[in-house]
Amino acid sequence: MNNYNDSPHEECGIFGISLAKKQAAAGIVYHGLYALQHRGQESCGIIVNHSGLFTAKKDLGLVSEVFTPEVLSSMPEGRMAVGHVRYATTGAARRANCQPLEVNHLKGRLALAHNGNLSNAAELRRELELSGAIFHTTSDTETIAYLITRERLRQPSIEEAVEQTMYRIEGAYSLVLMSAQKLIAVRDPHGFRPLCYGTLSSGEGFVVASESCALDAVGARFVRDLLPGEMLVFTRDRVESRQLHCGRCPRTSCSFEYIYFARPDSVLDGRSVHEARKEAGRLLWKRCPAEADLCIGAPDSGLDAALGYSEASGISYEIGLVKNKYIGRTFIAPGQENRIDQVRIKLNPVRSVVEGKRIVLVDDSIVRGTTSRRLIRILKEAGAKEIHMRISSPPFRGPCFYGTDIDSKEHLIATGRNLEEMAAYIGADSLGFLVPEDLRVMAGTGCLCDACFTEYYPTAVPEDAGKSRFELPLQDPELPPQEKETL
Amino acid sequence: MNNYNDSPHEECGIFGISLAKKQAAAGIVYHGLYALQHRGQESCGIIVNHSGLFTAKKDLGLVSEVFTPEVLSSMPEGRMAVGHVRYATTGAARRANCQPLEVNHLKGRLALAHNGNLSNAAELRRELELSGAIFHTTSDTETIAYLITRERLRQPSIEEAVEQTMYRIEGAYSLVLMSAQKLIAVRDPHGFRPLCYGTLSSGEGFVVASESCALDAVGARFVRDLLPGEMLVFTRDRVESRQLHCGRCPRTSCSFEYIYFARPDSVLDGRSVHEARKEAGRLLWKRCPAEADLCIGAPDSGLDAALGYSEASGISYEIGLVKNKYIGRTFIAPGQENRIDQVRIKLNPVRSVVEGKRIVLVDDSIVRGTTSRRLIRILKEAGAKEIHMRISSPPFRGPCFYGTDIDSKEHLIATGRNLEEMAAYIGADSLGFLVPEDLRVMAGTGCLCDACFTEYYPTAVPEDAGKSRFELPLQDPELPPQEKETL
Amino acid sequence: MNNYNDSPHEECGIFGISLAKKQAAAGIVYHGLYALQHRGQESCGIIVNHSGLFTAKKDLGLVSEVFTPEVLSSMPEGRMAVGHVRYATTGAARRANCQPLEVNHLKGRLALAHNGNLSNAAELRRELELSGAIFHTTSDTETIAYLITRERLRQPSIEEAVEQTMYRIEGAYSLVLMSAQKLIAVRDPHGFRPLCYGTLSSGEGFVVASESCALDAVGARFVRDLLPGEMLVFTRDRVESRQLHCGRCPRTSCSFEYIYFARPDSVLDGRSVHEARKEAGRLLWKRCPAEADLCIGAPDSGLDAALGYSEASGISYEIGLVKNKYIGRTFIAPGQENRIDQVRIKLNPVRSVVEGKRIVLVDDSIVRGTTSRRLIRILKEAGAKEIHMRISSPPFRGPCFYGTDIDSKEHLIATGRNLEEMAAYIGADSLGFLVPEDLRVMAGTGCLCDACFTEYYPTAVPEDAGKSRFELPLQDPELPPQEKETL
Amino acid sequence: MNNYNDSPHEECGIFGISLAKKQAAAGIVYHGLYALQHRGQESCGIIVNHSGLFTAKKDLGLVSEVFTPEVLSSMPEGRMAVGHVRYATTGAARRANCQPLEVNHLKGRLALAHNGNLSNAAELRRELELSGAIFHTTSDTETIAYLITRERLRQPSIEEAVEQTMYRIEGAYSLVLMSAQKLIAVRDPHGFRPLCYGTLSSGEGFVVASESCALDAVGARFVRDLLPGEMLVFTRDRVESRQLHCGRCPRTSCSFEYIYFARPDSVLDGRSVHEARKEAGRLLWKRCPAEADLCIGAPDSGLDAALGYSEASGISYEIGLVKNKYIGRTFIAPGQENRIDQVRIKLNPVRSVVEGKRIVLVDDSIVRGTTSRRLIRILKEAGAKEIHMRISSPPFRGPCFYGTDIDSKEHLIATGRNLEEMAAYIGADSLGFLVPEDLRVMAGTGCLCDACFTEYYPTAVPEDAGKSRFELPLQDPELPPQEKETL
């Protein structure tokens, strides 16, 4: 379920278009970002390229809040544009960190929209600082921008500069870049984060997006996913592909995109997200069957897997929890903590459905377990006789260094608890998870990253990878130590 | 489905509390209104009674927009409070028309929260104007306020004044009233609109709400629905009931509350809304079977009936359409009308589910048919082989004078079309509706108003009942006709 | 000086136009209200009459804040419009109390913009309530609206209804009324508050305004002030005058309009405000001469009188205090109370001017004396040798019941202090005031109200005239006394 | 007069504090910026140094709009802070360009507040870009930040890095810099822009500000102006001075600071601004006497000089024009261009003063002359017999490259017109200016920059110095020229 305090957070969605001729490009990006809103709700932005001039609008807030009709109509027409929605993983939720990032350099302008996290960002940043770089933001994206623009001084083209940069950065990155003349899309050699492209009808232009649902939203025809390590360069009427020579990197796409992040109507690397989730539900039945009267999903992200579980088990699928669709980021609970259960405000059971029943409750994942605990309590208060909780993923074991914000290890429900203890903690009559191998069946491929479930990381791991690693107090070396202030 | 341009609109939700002792009453009402937000998204308001002084906050916008943490914390504690969410049926969406209405009169203050529409409002208003009344708003609620306060001059108590007023007003009204000392709830003799009450735990107080889901939201225990023609008077620790003697009125609860308006987790007059909708789906299968591979519901309001249809028919239930949960009132489509299908922005098909399949598509109702037509087109573009549209209500035939905003008759799909023509208009391979008698089975009672489906109205019908009947240009009789301006 | 905590407050400014043909009337009213902004900064509003339909925009805030270009361009064209700026004297600063007030009654619509305070408002309100009236606001204006619309039921025309109402209301009122067809301006028989009218060039229309500076602002030609007790009725191309027969009322125009309220570029009842203030300065020299090197005025309202004092005395006029022109209503002083003098933020001395000098400091009035005390301290800290404070009005002695918000009697500097004690309190080397008789010379007429200086009131005085008299807790008679809550 | 379309604009005001111990530093800066608001109304910002962590708040708008009580109370306590108010001269009015600028570099953090314009900015920027720098803003300040942080890699301390940077940048700059441990103030070797410092009472700390009026506002004691080419380094309890060895630079302080920019209550380089302006008025009488009845100043900036002219000439000083003090940046004039004179909305004549009189009208400067022409017309329409316009500065002849935004040469009234033609253009009966030599007497020093009056520039002049020189479309060298788009 989509609880704001007790589930992993996706970091970003990116979108870009290259059109055959100038038009209201911002409006198209707006629709694309709307479809990607689930990938980031903290800030959003669009930069339009109007004959080489960039016009940007970026701010904290949802796409519908930032891009009012007035704002959209004030943006110029253009032949290219990039857009971004963001949930802050590295760098706090501040206006300066909103994307796409725009920089000016000797050879022109560059706009960058980035999804992912570099695992060698700290080293690269230090190296840049040593050579005189200054940083305005605390995000990895500025590091990438620096590397590209510096390479650009040495390389004959922006493509070469991007390619050379790709040999230096490590970790997860799907990027859309826009120069005065070109739109460039890049997916990291591991293929951690999704990225695909399509064509607008009748040769009007090209669209790049994090997920295929954003192509659907703007009426574009899906062409294909970018390959890991691939760069696409879009010009007016053609697209060129370059493949990086980094054969050492095995493909390791993020398994959690299928489990929770992506929209069920998207197709990632050839696999329908909805089908993957249903399959996860079926596997869950095989792995952890239950004797029950009903099978219900925790809205919205547990519904697909619940349907699969029901199908495989023959246990009736039901709608047992109703979600308040007006709950937004702004929901608050002023001084009523004791009386009013915040989970109940978001999810209310259908008493006539659950009363006296043995229920399989399917959810996509558990982080701390507090939400599951309250959900089970609510269902039992509504009369449910038994709750058999089934999770369509393995338990979280460690952090993600590739762009997912998972709670710190000491808070994870699986830390220091065996299955029975976890079930007891959340108040379930039984509890079942998938095992990591099941994810390969679910995703239809073995090329997956499952590090958050297994702690086997496909890249070297940074030493200090906290979210605010660039926001700690820095110290000037000017003053003798005894003058330094304590926090 | 919850489309803002092509479905009937509910008018209002009301909420009131009477507590044993002063506390942060606004916070409780806030949670209650949050749960009732689906009944009205244009404006909302709360009035807190702080030792007889009223503090009001009302504005255009959603509950979460108007009642920010700052606003809530600035409201005083109180022993009583009333709240309202509104979709304008009579009276335009202007700030002056926001509710609850607050008036001062000789005997004190009165706050009113009203759900419904009077069918004799125009006559009553004229009569009041003839006796010197002036009106600040264009809503029926001000008329009710006038009648009550005038009666109050003649009657020994506010209860008597309300009762006398009930003998004069006709049509649909569920009301929560608050004087300096009392909270009063009233339901009209026909019982058109729902109203129920409950108790907060450990004798802390009473709660009145349009739907039981709002009682759940504040942790209150449901006691019962108000009877048609019943008045409840809440004081600190007890509740008194009065029954009006208006035996001529048969109970005629709104059938559309079950079909679309109410939340599925609410129980209205003893009938679970979710169960009613599932039953409607089952009846729909009996009334209009289809040969198909899958049964899908139009999110969100078609899902329950689709589940019932699937259950009765044995056709597999599937998730074939994904709704963008960030679509709000502010969604706009700047200059992309031709390219971008607005329905597709809200609902996107899951291609892997629908491709090559014969599909039963269940929705709750059809108004003009434009949304259904686009939905069917989208599904067919995604590869659906056949679409058998099934509607879990009868076709709309006429207007509602009791608080539902149905499109004007000439726009209704059923006006001038037979079933085949309707199916052809929306592009469905077949189309099926319930018949009015089915609604009795669905609701578990024969005491229903089905006037919008049958044009048999349970009250006298007003002559001119347009939404803006009080907003036409008025003419001063002072000037000779030849000086009058033309519009 | 214009200090927000330590000076009397003006209540309102009103403005109306009647045009020969439809045009962007709101824009003209906007300019007029801009010129009247000094008469009220809490809220403002404009109602445009568009062929009998009224479109209103009213809100808390300055004219420039409420009437953004978007708001203005969204208002329809019209042949008439009224506007209002408000500082709340009766009725708190709430949105519901914003003016112009708009009411609907049997014979049509009425908009009212009101400047002044009724002295018999409480009696009238009670009488209306007894006959069934309900009140939405706490302002006198709603009482006037009720009386007019009730009379309208009996009278053949709106003019007659207004005239009959004028026989019933007592106190200060300048009114602009707008019906569907007519614009009507009224000044009370005492002529407490100013009101004048003019013509737009080439017979295009008529303008009514509180002060002549607003006629200048819209390019209108001043015709004349309304007479006390006069009603003007404007129609397309002519204006008709009616004089009320209330001969018992002597004219008693507010003397404080000349001293402080009105803009110096206005002419009230034939007397230039700037000239009146200069004259007050000259009289002040005669009444209380001083031996000094320089004469400076407290910006902005003391400047004109300082110039007069300088002229009469031969003491050099200087600019000794500089006002921060960006100080607005929003100025706040977070947690710096001890260090930072709020008066100094607003007014800073010119050290080179004041250092070592004996200074006459002229201000228009003193309420509590706290501002004067800090001003004198600031000047002395900047090196001034002596400060001889001169006030171009007599000391305040009592409240005003006609629309001016003077501090309560116990706070007035003159309460319980003789001249020496007052001088000592503010730290002045000497202090001088005008006497009430001087005001007649200043204003060029004996027909003045000087009640706040003399406590001789020209009308009967209300028993309870507090600002919030309608906002005290009311009690319902329903409950026995022992159940009543205490505040 | 302070007209927003027809007068030169000042660019910035800067403010910094270094305190002995942590306290609510943002509140002190807020008061300082309030006093400097006249130096820039487009944007403002404060950065607080909280134990080495920087907390910034910057936005478009006035100090009172950006720094609401909520914002101020949300800022942490600190021992240092810098603030800035801005009118954009280089770099458009965009949020990204708001100051103070904050950058992160290898050795820590740096915040910069800058007043002035570099004359060699373009060369420096190109050089930086060649070495790999990327730019987020279009302002000179980012160039300075780069130079300092790059020097910092080579130099042992931040002071050395700033000093080395000062040898490279040319033009006008007053700077306040803040590192994690130090507050540094710098004034360019020409001393173009003012900068002074003072102490808070009882050794609590130090304050740096553009003008002394800001020291007064926070209750600080003025110590002295910075010398041209001086750097001050503030630590907890002491201040150290360094003097740059750039003897080739003659001191050339901006003369227009005395004429118009600075507040009259400030003292710049030992000269009271008010006294300088009065002196300018006296010189103006000597240079261009007039036979007249009255002398009036154009509010507010012409008032001091008018008083000097009156004093020298014996012609009576009068208040002949009243300024609407509510005119702000938001004033607009919707569709009333023909009827309503925008100058009249801001300034209204006092008819009783000007009627039938021969008037000397003193203003500080003329740019295009359109405002003067309308002002004279307004005074003549109010009955003035003769207008003798006197300007307390010489005519503008050329652009300023040091931070003042003067209209382009072809628009200046003095371009292509002799004195008679200028007088005729504005409709004056006579017109008189000061000559450049008078400015030396006015300012009490010969070390002045008068380049905008004489076109003798004290530094090399940039080739392309347009305001938006960094905002033209840039071109990527990737594509062959024939593919480049035309604007």
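Points worth noting:
Each chain carries a letter (A, B, C and D) given by its place in the written order, and its residues are counted from 1.
FYI, a contact is a pair of C-beta atoms (placed from the backbone, for glycine too) under 8 Å apart; a residue touches a chain by one contact, two chains touch by 3 or more.
Predicted model only: the values in this text are computed from it and were never measured.
Touch-path distance (fewest steps) from chain A to chain D is 1. Ranking every chain by how far its Cα centroid lies from the centroid of chain D, the top place goes to B. Measuring from the averaged C-alpha position of chain B to that of chain C gives a distance of 47 Å.
If you average the Cα atoms of chain C and of chain D, the two centres end up 37 Å apart.
Averaging C-alpha coordinates per chain places the centre of chain B 59 Å away from that of chain D. For chain A, residues touching at least two other chains: there are none. Contacts between chains, counted with the stated touch criterion, involve the pairs A-B, A-D, B-C, C-D.
In the complex of the two chains, the chain A residues touching chain D come out as 51-53, 79, 95, 102-110, 126, 129-136, 138, 145-146, 149-150, 153, 157-158, 179-182, 235-236, 470-479, 483-487.
Partner chain D is touched in their complex by these residues of chain C: 24, 26-28, 30-31, 34-35, 37-38, 41, 62-65, 68-69, 72-73, 200-201, 213, 216-219, 263-265, 267, 272, 274-275, 300, 303-304, 307, 311, 316-319, 322, 324-328, 330-336, 339-341, 344-345, 348-353.
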